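Structures for review follow.
In what follows, chain A forms one complex with chain B and a second complex with chain C.
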Partner chain A sequence: MNRSRPLWIALLLIWSLLPMLWQLITSFTSSDALVNADIPFQQRWTLAHYRELLSGDPPFWRYLFNSSLVGGLSTLLTLLLAVPAAYGIARMAPASRRTIRTVVGAAALFPYVLLFLALLELAREFQMGNNLLAIALPYAGLALPLALLLLISAFEGLPNELDDAARLEGLGVVDRLRWVLMPLIAPATASTGILVFLFAWNEYPIALTWLSRDDLLTLPVAMARIAGSSIYAVPYGAYAAATVLGSLPLLALVLLCQRQIVAGLTNGAVKG
Partner chain B sequence: MLKLHTLGKRYGSRWILRDLNLEVLTGECVALLGPSGCGKSTALRLIAGLEHPDEGGIELDGRSLDGIPAERRRIGMVFQSYALFPHLSVRDNLDLGLKIRGMAPAKRREQIDAVLSTVQLVNEADRRPEQLSGGQRQRVALGRALLRNPSVYLLDEPMSNLDAQLRDELRPQLRRLILQGPQPVLYVTHDQQEAMALADRIAVLRNGRIEQIGTPQELYLKPATRFVAGFIGRPQINWLKKTNGACIGIRPEHLRPDENGDRCRLIGREWLGANQLLLLEGAAGQLQMLCSADLQPGENLGVSWSPQDEHHFDPISEKRLSRS
Partner chain C sequence: MAMVFGWPMLRYSWLSMHASSVLTGLEPVSNQGANWIRLLEDARFWQDAVQTSRFAALSVGLEIVLALAMALLLDQRWRGRGVVRALSLLPWALPTTMMALGWRWIFNTPYGPLEQMAQSAGLSPLNLLSNPDWTWLATVMADVWKTTPFITLLLLAGLQTIPDDLYSAFRLEGGKTRQALTAITLPLLTPYILIGILFRTAQAAGVFDLIQVLTGGGPAGSTESIAQYAYLNAMRFLDFGYSATVMLAGFVLLSLVIFTVAVLLQISGLLRPLKS
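For the complex of A and B:
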């Protein structure tokens, strides 16, 4: 078993990383070479797809910026609401906690695609279309149930006596969150934040209906436009380049919070 | 002075604690002693303000604590689980409360250094709680309570998570740091020996009510109820088979070998070092006798005791019967 472990790990890595590697290679391959295997190795490579994307109107980095803004704002809003709420719920009586958990769980499992028409009506009514700040509202709302579930478990993992000790040290509720509880659930908060950010980063139907101005599109919508830009050809190269560029910020984020995410996934509880 | 009057707490319709009247004088240590679930920890939580009483009130130095939140009560509490902040170093654990109370950094440093040397943790100041032994953790918790400069100390089974050797080490420190100070101390424990060793007075609790309050000597010599007689003193008191309706107890240390006494059969023997514990079966039922380690008992031996060492209790009310 131990001997074959490196082999299994290698197979798993190939399984999950090969598609990304393929995209990376494709993004640097000229459009001709993509459909013609006879072109010699040295003449296959190009930066044309990236150049095309970044010099487009609007340039591709604009979409990256839009998505980062929406993602960041949604995450911030979600955590701002979910952390205090989860703390409050985690300190309730077990019976009420079970009820709330069931309701929130049901909300988390609800297929949100069914809501997008209703949300569109709301956007029209309150004139929130084509506004990057406004679209963070439905995103935060939709991400809230899952964030709550994760954070409630994290708070439940903290012994009550820690809270008691902090109170007797003179810490009010805000101080307790700031100095004792938040640092202890930082791993869970980080992994929750990443999940919310990912959701906002990937979200398509709401972004498609709420945003129509070219310079306000988020990544998924922009990428769909690139893919459908011509009815005669599929722009594999440009699409692959967009995929690579669109993954970079996420990669950076995950590398940055690597330790917290792993800690958050492996143990929610903090031992005293 | 800490004063509890008719203090009561219930969950739903079940009273956890009822009719608790107790005064802890300045400089006095009172132990709340009882089996688990008797409400002793609840009493501490009520005084600390972590829970709210359903009945009665609490006064500290003549002022009612009603409506004062836990954050603003000046209480030094030590928990069984230590409840140190796991993400902070020893120094930062001690610092957090001072910082919140807005003390100047230089003064904080000075006070923390003083306390660190008092609890003998100067070299551990930068360690995290997880890097400390149980005894060291509990000393950090004591230091934290000391820095609070409280009006009353509440100790909730502070030594229950420590092994016997560490307890012996911590006990004199506890006495030196906290019990000898001017503040009243309320000490919760289920260990009667610990209560006897540390407390000036002991309140024995059972099912949320006080059975008896008194000095360790009073509790040992004149237990007010059958429960107290059974709870105080180790090895446990012997209950004689009913003779005249009363319930009669006699402590193992008050039995003595006597050729003319009741005939008993030896069924067990525990050697304790300085003395030994004999388990006997006789007309009065099973008896434990604590006697000199030199005694070499045979299969059968006679046992007697003097009548004034007997404790008599009413079999119904379980209250002590006074005997002339």
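For the complex of A and C:
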């Protein structure tokens, strides 16, 4: 395999990146050139799609902001709930731990799309539609199972003696968690946070049904709306430009946090 | 969690026994199981069930094989591995809706690149998104592209738990590198593969955004999934009682499938490494 490795790496990169490169090329191609292959090479390129996006109403960065807000908030909320809960669960008797693991695992497996109708009813009941802060609630609820799985494993990896020693020093449970254990599971917390953020950033069915005001849409819904604006002529050029702009934050995140993402899944989800 | 997962299921059970649509002024009225009888006779639901299953089966199968190859490659040590790992993760990190539309452009007739290539090769138009026999394969392809990195990650995690000593010992015993794959790697990786299959089957069975954006369920309903049918019933036909029924039925079918998969794997002895 050693000699053919560069070939395999190249294949992997082509497979992963080619569709995205195509979007990149499309985003700089003028609308005329997209449907007419005969236009000479020099006249095919344009920045019009980007200009259109950024001067649209609402401007495109608005969706990026919405998605970041919702993603950040959901991540924070999930971690606030999951860290103490995981700590509590990890210190339980093995039997009850196994039961909880099974239940949480089943919830993590659940295809959450099937929940959208009932969640929409709740949103109506509590007036939570069209509210970017409120939508973080179902996101946190949906991300909780995976976060718990990852964090329980992380806490189980810490020796009990550490906890006991801190208790002998007279630290209460909150202080122990905050000053002794949290620093130790910081890597696991970080990777869990990234996964939750990605989930919230990409979520579609709930955002689709909860948000309808133009200036409140998250990125996935805004993108789908561009697509749905006309069945016959999707503005592919503008759309590709949106894809490129929308991918940049994620590209940065993934490149920076590759190690944490891999490590997070290494330690967690798969132990149960 | 109880609120987000438990409540909807209870509410669906209740709704599925009631008529709640435009005809009843959107007020739930009990209809003694008429929803369920309608479901049993609803050819469209069963067609969607078949479609969802073949979509899930094929994409999960392909993803596992591809992911295994990718994970083996990304687990070896070579320069630039970190960057390649990150780049190969990208399809999974991007929003599904976003790339679904990208794929729609790639599959586009007659302007997409695939169609252009077929043209210059002298083939007849492929009509990837308007041929009811083939379009579901296009959705599988987009799904495989999008979610393989997730399984790759899982398997990569698994590979890292296998100590290098095992391989050195195997070589000392005179084993060939190629044999190590079947003698050490695959057996020890099995639990991770199973978790991958389980996770992805569940997700693929609930496929919604990808198909909604890529094909809208078409052509001729040939790619419509159960989740999408439930969505249509609720949001377009405003028939909440029946939508709840569809979702509940989808959930029951999925549980059956997962259960069967688990049992089959158990019988075929694949789960044995888990116990030892």
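Just so we're on the same page, the second predicted complex is superposed on the first by the 245 of 272 C-alpha atoms of A that agree within 3 Å, B and C clash if a C-alpha of one lies under 4 Å from a C-alpha of the other, contacts with A are read in each partner's own complex, and residues count from 1 in each chain.
We take it that a contact is a pair of C-beta atoms (placed from the backbone, for glycine too) under 8 Å apart; a residue touches a chain by one contact, two chains touch by 3 or more.
Since we're looking at a predicted model, the values are computed, not measured.
Asker: Check the residue A:180 against both partner chains and state whether it touches chain B (first), chain C (second), both, or neither.
Answerer: Once the two structures are laid over each other on A, A:180 reaches chain B alone.
Asker: Applying the touch criterion given at the start, work out whether A:74 contacts chain B, chain C, both or neither, answering first, second, both or neither.
Answerer: neither
Asker: Just chain B (first), just chain C (second), both, or neither: which does A:192 touch?
Answerer: neither
Asker: Figure out whether A:159 sits in contact with chain B (first) or chain C (second), or with both, or with neither.
Answerer: Once the two structures are laid over each other on A, A:159 reaches chain B alone.
Asker: In the superposed model, which partner reaches more residues of chain A, chain B or chain C?
Answerer: Of chain B and chain C, the partner in contact with more residues of chain A is C.
Asker: Is A:205 touching anything from chain B or chain C once the two structures are fitted on A? First, second, both or neither.
Answerer: After superposition on chain A, A:205 lies in contact with chain C alone.
Asker: Based on the superposed arrangement, let me know which partner A:169 touches: chain B (first), chain C (second), both, or neither?
Answerer: first
Asker: Just chain B (first), just chain C (second), both, or neither: which does A:66 touch?
Answerer: neither
Asker: Residue overlap on chain A between the chain B contact set and the chain C contact set?
Answerer: Shared contact residues on chain A: 270.
Asker: Once bound in the complex, which stretches of chain C touch chain A?
Answerer: 1, 3-5, 7-9, 11-12, 69-70, 73-74, 76, 78, 82-91, 93-99, 101-106, 108, 111, 113, 116, 145, 149, 153-154, 156-158, 160-161, 177, 191-192, 195, 198-199, 202-203, 205-209, 212-213, 227, 230-231, 234-235, 240, 243-244, 247, 250-251, 254, 258
Asker: Under the definition above, what is the set of chain A residues touching chain C in their complex?
Answerer: Contact set of chain A toward chain C: 1, 5, 8-9, 12-13, 15-17, 19-20, 22-23, 26, 34-35, 37, 107, 109-122, 138, 141-142, 144-145, 198, 201-202, 204-205, 209, 219-221, 223-224, 226-227, 234, 236, 239-240, 242-243, 246-247, 250-251, 253-255, 258-259, 261-262, 265-266, 269-270.
Asker: Mind listing the chain A positions that touch chain B in their complex?
Answerer: Interface residues on the chain A side: 159, 161-162, 164-172, 175, 179-180, 183-184, 270-272.
Asker: What does chain B use to touch chain A in their complex?
Answerer: Touch list, chain B to chain A: 45, 48-50, 69-73, 75-77, 79, 81-87, 96-97, 100-101, 129-130, 144, 148.
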